[in-house]
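Following are the structures in question.
Here come two complexes built around chain A, the first alongside chain B, the second alongside chain C.
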Partner chain A sequence: MKTSDYQQGRNIIAGVSLVIASFVILRTLFQFSDYLIPGMSYLYNLYSGNIAPNVITVILFDFRGYDTLGETFILITAVITTTIVFGWGSLKGYKKKETPEMTEKSTVIQRLMAFPLAIFLVAFGVTIVLGGHISPGGGFPGGAVIATGYFLTVVIYGLKKTPLRFTHRYLVNLSTIGALIFLLTGVLGLVATTYYYGTGYYLYNTGVDPYDIIHVGAFGWDNLLDYPDPTHPGILPYLNIGVGLNVLAGLSLIAMFLMEARKDE
Partner chain B sequence: MLNNSTLIPLMVVLPLIMAILVNFLHQKDKSVKFISIVSLIVFVFIPVVTLYGVHLFSGHLRTGSFPEVSKILIPEVYMGIVYSYGAVQKILMVVLTILTGFSVLAVINKKMISGVYMAMIFISLAASSAIILADDIFNFFVFTEILVVAQAALVIAVQEAKSFKAAFKYMIFGTISGASILLGIALLLGSYGLLNITDLSHAIQAGGALTPIGLVAVALLTLGWLYESGLFPFHIIKSNIYENARPEISALLQVQSKFVLVAMALILFRVFSGYALLKSVILGFAIFTVVIGSVMALQQVELRKLLSFVAVSQAGLVAVGFGLGTPFGIAAGIFHAINDVLSMAILFFIASFVYDKFKTTKLDELGEGLQVVPLVGFVMLLATLAISGVPPFNSYQSEWRLIQASAQAGVPELGILVILLSVATFVAIIKAFYMIFMKPGSKVEVNKEVRGNLTKAIIVILILACLLIGLFPNMVYDPIYNFVVSLGV
Partner chain C sequence: MEPFQVGSFLTAGVLIVTGLWALLMMDNILKKIIGANLIGDGVNLVLITIGYRPGGFIPEVMHHFHATATPSSYSHLLEFGEFASNASYSLPFALVLTNIVIGASTLSVMLALAVVLYNKYHTLSVHKMFEGED
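Moving on, here comes the complex of A and B:
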């Protein structure tokens, strides 16, 4: 028997098992809504009103804030992995390549529109990041919108002539600051609760103090990291800003490496 | 209810902070070196001083008596994410941090200092710690994803065509397994409304027999488990990863995979403790892994490949313990995981030394090594004995317990399988030992500059640890057994 004969049989087996697996999964999902139990979702809806108006942000950054930290780190890990693929930080060392000149010039309309549109996108992204606790949005979508603005200018004007000229170092710094804001806000919660309550809780919302355990207000100043707007959502906007910086820097970094590698092959 | 323990999250968060810092300081080699060494000491120190208990993230407490109990299945639930830390977690964390420390020291010693590479090691450490500690099934999933990407990055950093290929395959299959784990979690969340593993197992037990939706969730989670731990259908992918990373990093990767195997199998058993078929399925895949892994190991003529397949087949042996399903079997499986990572790490460190000293790991080119490095040869002989379960070393204790457990569970035939695996492992590795250290006529040049004092120190420390556990097994085994009994699986 040749290898190709085996391969045919293998393909048939794989195909049949794929069909069976898909059928089972789709059958499970069919009318799944009849069996749904709200559980945690019900409880989160019940309690999140105390913290900030946007329930989704409260679930994302407060009840399951630590999961969001993990998700941010999936992005960071993926970005660093992408840079390693291009040789940055690998064991063989990184060779800086000449930034390629744009060979195909973009059209006049593109060049005319891209910069204003990029400014608009960056401004819009900042709004989304800062309004995460009261309106739909937050760090992830906001950061992605800002990075889109950067993509646009890089694609239209090229890496050398783009008006939003970020250096590699700058983006790494930005991403570091974003990640550290998230991580250290959590550590602050841990330290503050340990100091005032005896036992520490990582990522405790010191600004809202939902369980009334740190009583910083009693000493004549407001709660730690209170966000000064009428809704007083505590640490949520700061976490949003951290995630936003991180996402913006990470995605822009990938765009930069892709643009640099464009003319290689 | 357990008390809140403050230091638990630091086991995950500090490696993440350090990873961010060393990535930031990339190309400033002195700072990277300094920070790495200091943080390693801290990482080993934290699991030792942390008190047993749970950690309630964001301070959301376990609350009882809700206004509408009909909307959730059990009266008391954890509101936020919870980590739990007990004796088994402590042992696993200490072994994991120490072996990570050895790997990082070996990397620094070889002047391969790169902040980015170090960041990936720290992130993979943080992710595997989180997987060991997590008592929340979604948080567990998030960190398995991080672990897969970070492990792939460590392989990619070698920058050879083969390593790119291995990492690419690993990530492709990672998407499949990640999707299946996530879908399984979604089905559980939908039909029970809970994510906390303790609560989920209570709710499932209270609900009686598993629903069809629950069965699909078991199947999907088991598929994910097979991938994460490199068992039977995915054994080639996992061994490819071990083979193409730098050997001192493979020593770390195999520790992470085996501990993820243990952590995730414990989760499966806790959540679906009432479901008997799960044990048989796990046992089936475990036996396949053991047989195929050891047969593949016997055929190899390249040291790193050979060790990769031995590592995979030993993971199968750990899974055999879980497949037996009795507390005795599970405890023996966990104990074997700890013993095996120690002796496997020695062999990978030796492979790293051989690779540096002789510039190759192809067995037919090597030879007469005992005259060049007698100490390494002697330790490799001892490690071979250790991994194939020869007394007085540690694996003897765990394999003996596995054989006893299989006899107790009514399948004494499995005992024969364990013995056969020991023999196969011994034959495979002793062949490598002979060909590297004793075979006359070597075709390689000896690199005189490589002294490898650090590697020698590491392997001597590890073989002493193996001997210590072998002589006093109850020091490690008793806490594990008590923990498994307390889980009530």
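Moving on, here comes the complex of A and C:
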């Protein structure tokens, strides 16, 4: 903290207001005991077992699917904002000058271990994404784990010699495809509920039919989205895959932009 | 047992206050970004602590409960009553799961803006950035 002469009064005022604010925050957090009520969580826990074993995935993609849909678009917005800040020209020009210090800094052990570890991380992330409805995890943590594997190889080997080599356009397309999987799966639910019930429900879980609207399996072809799994999670695995692609591509693209920003200096 | 976790809430409060202090009083812009991230971590900790239930287990239907989910049959719904009254509150975990990715997004935007500021002013100090003005 650096204080010059004419800024001291301002700093004192900021400090006093910070003390008041911290007192208010701590007191508010201490009084949270009055608001600790189960609320909707009991009902969610009670009903979610009928759809998929992982209650959090059911809440995230079934009961509160709109929140997750908006959140995938928040991630895309962040990627677009980062791209705009660094310039759209980095999408087209795509010149890759390798800075020497990026690869010479890494030691032999790092170069030997980074690629197997990255392969392990990618496989582990795919496992988390595909088993998101059964085991703890889902699209968000799995995509973040895969992006971590990619970022590890980028940091160790550099952007040009990395074995997991993606281009900007590929990652942008992957992120958009992930969001489109989410959107179009919701449209399928809208179409099915409109056909059977007269009223369309966007992002309806057509594979499971938890509210007994569309009579799954009446014709044989209408449970097309039923995931071949003994737990019958409906459309949840597809939404997991879409969100996983979105998060993987978005975080990788952000990491790539931040790595490329070093070259400009 | 008292479900209110005093230590965890106070840790979250300390995180939030530390983040506010770094955000207001630090000169380096990277430290300001770290402070903004600390506030988000404190909020996440508050949400996780709200979901805590003493003696509970994770909100996931394990093998000792009836996980045979047959569609459009509600007769076994009562068997999840024991699960629902013992598992921890599951709604805050879903909120935290979304909040983590939003935190990563805002962190990326803040870092990008910091890179642009460094390229323009060739310094990370906020005090030196606005030295020439007024």
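Operating definition for what follows: the second predicted complex is superposed on the first by the 232 of 265 C-alpha atoms of A that agree within 3 Å, B and C clash if a C-alpha of one lies under 4 Å from a C-alpha of the other, contacts with A are read in each partner's own complex, and residues count from 1 in each chain.
The working rule: contacts are C-beta pairs under 8 Å (C-beta built on N, C-alpha and C of every residue); 3 or more make two chains touch, one makes a residue touch a chain.
Please read these numbers as outputs of a predicted model, since none were measured by experiment.
Overlaying the two complexes via chain A leaves chain B and chain C side by side, clear of any clash.
In the superposition on chain A, A:R64 makes contact with both chain B and chain C. After the superposition on chain A, the angle chain B-chain A-chain C between C-alpha centres rounds to 80°, nearest 10. When the shared chain is aligned, no partner comes close enough to touch A:S106: not chain B, not chain C. Of the two partner chains placed by superposition, only chain B is touched by A:F73; chain C is not.
Judged by the touch definition given at the top, the superposed model places A:T127 against neither chain B nor chain C.
When both complexes are overlaid on chain A, the residue A:F30 reaches chain C alone and has no touch with chain B. When the two structures are aligned on the shared chain, A:Y201 is found in touch with chain B, with no touch to chain C.
In the superposition on chain A, contact of A:M40 is made with both chain B and chain C. Think of it this way: put the two complexes on top of each other by chain A, and the tightest Cα contact between chain B and chain C is 6 Å. Residues common to the contacts of chain A with chain B and with chain C across the two structures: 25, 32, 36, 38-43, 46-47, 64, 67, 71, 74, 77-78, 81, 85, 210.
Chain contact summary for the complex, chain C toward chain A: residues 3-4, 6, 9-10, 12-13, 16-17, 20-21, 24-27, 46, 50-51, 58-62, 65-67, 69-72, 74, 77, 80-81, 83-85, 87, 89-94, 97-98, 100-102, 104-106, 108-109, 111-113, 115-116, 119, 125, 127. Considering their complex, residues 24-25, 28, 32, 35-43, 46-47, 62-67, 69-71, 73-74, 76-78, 80-81, 83-85, 87-92, 172-173, 176, 179-180, 183-184, 186-187, 189-190, 193-194, 199-205, 210-211, 213 of chain A touch chain B. Note for the complex: chain A touches chain C at residues 1-2, 4, 7, 11, 14-15, 18, 21-22, 25-26, 29-30, 32-33, 36, 38-56, 59-60, 64, 67-68, 71, 74-75, 77-79, 81-82, 85-86, 135-136, 138, 140-141, 144, 208-210, 212, 215-217, 231-232, 247, 250-251, 254, 257-258, 261, 264-265. Taken together, the chain B residues at the contact with chain A in this complex read 3-7, 9-10, 13, 16-17, 20-21, 23-24, 26, 55-61, 66-68, 71-73, 77, 79-81, 112, 114-117, 119-120, 123, 126, 130, 138-139, 142-143, 145-146, 149-150, 152-153, 156-159, 164, 183, 187, 189-195, 211-213, 216, 219-220, 246.
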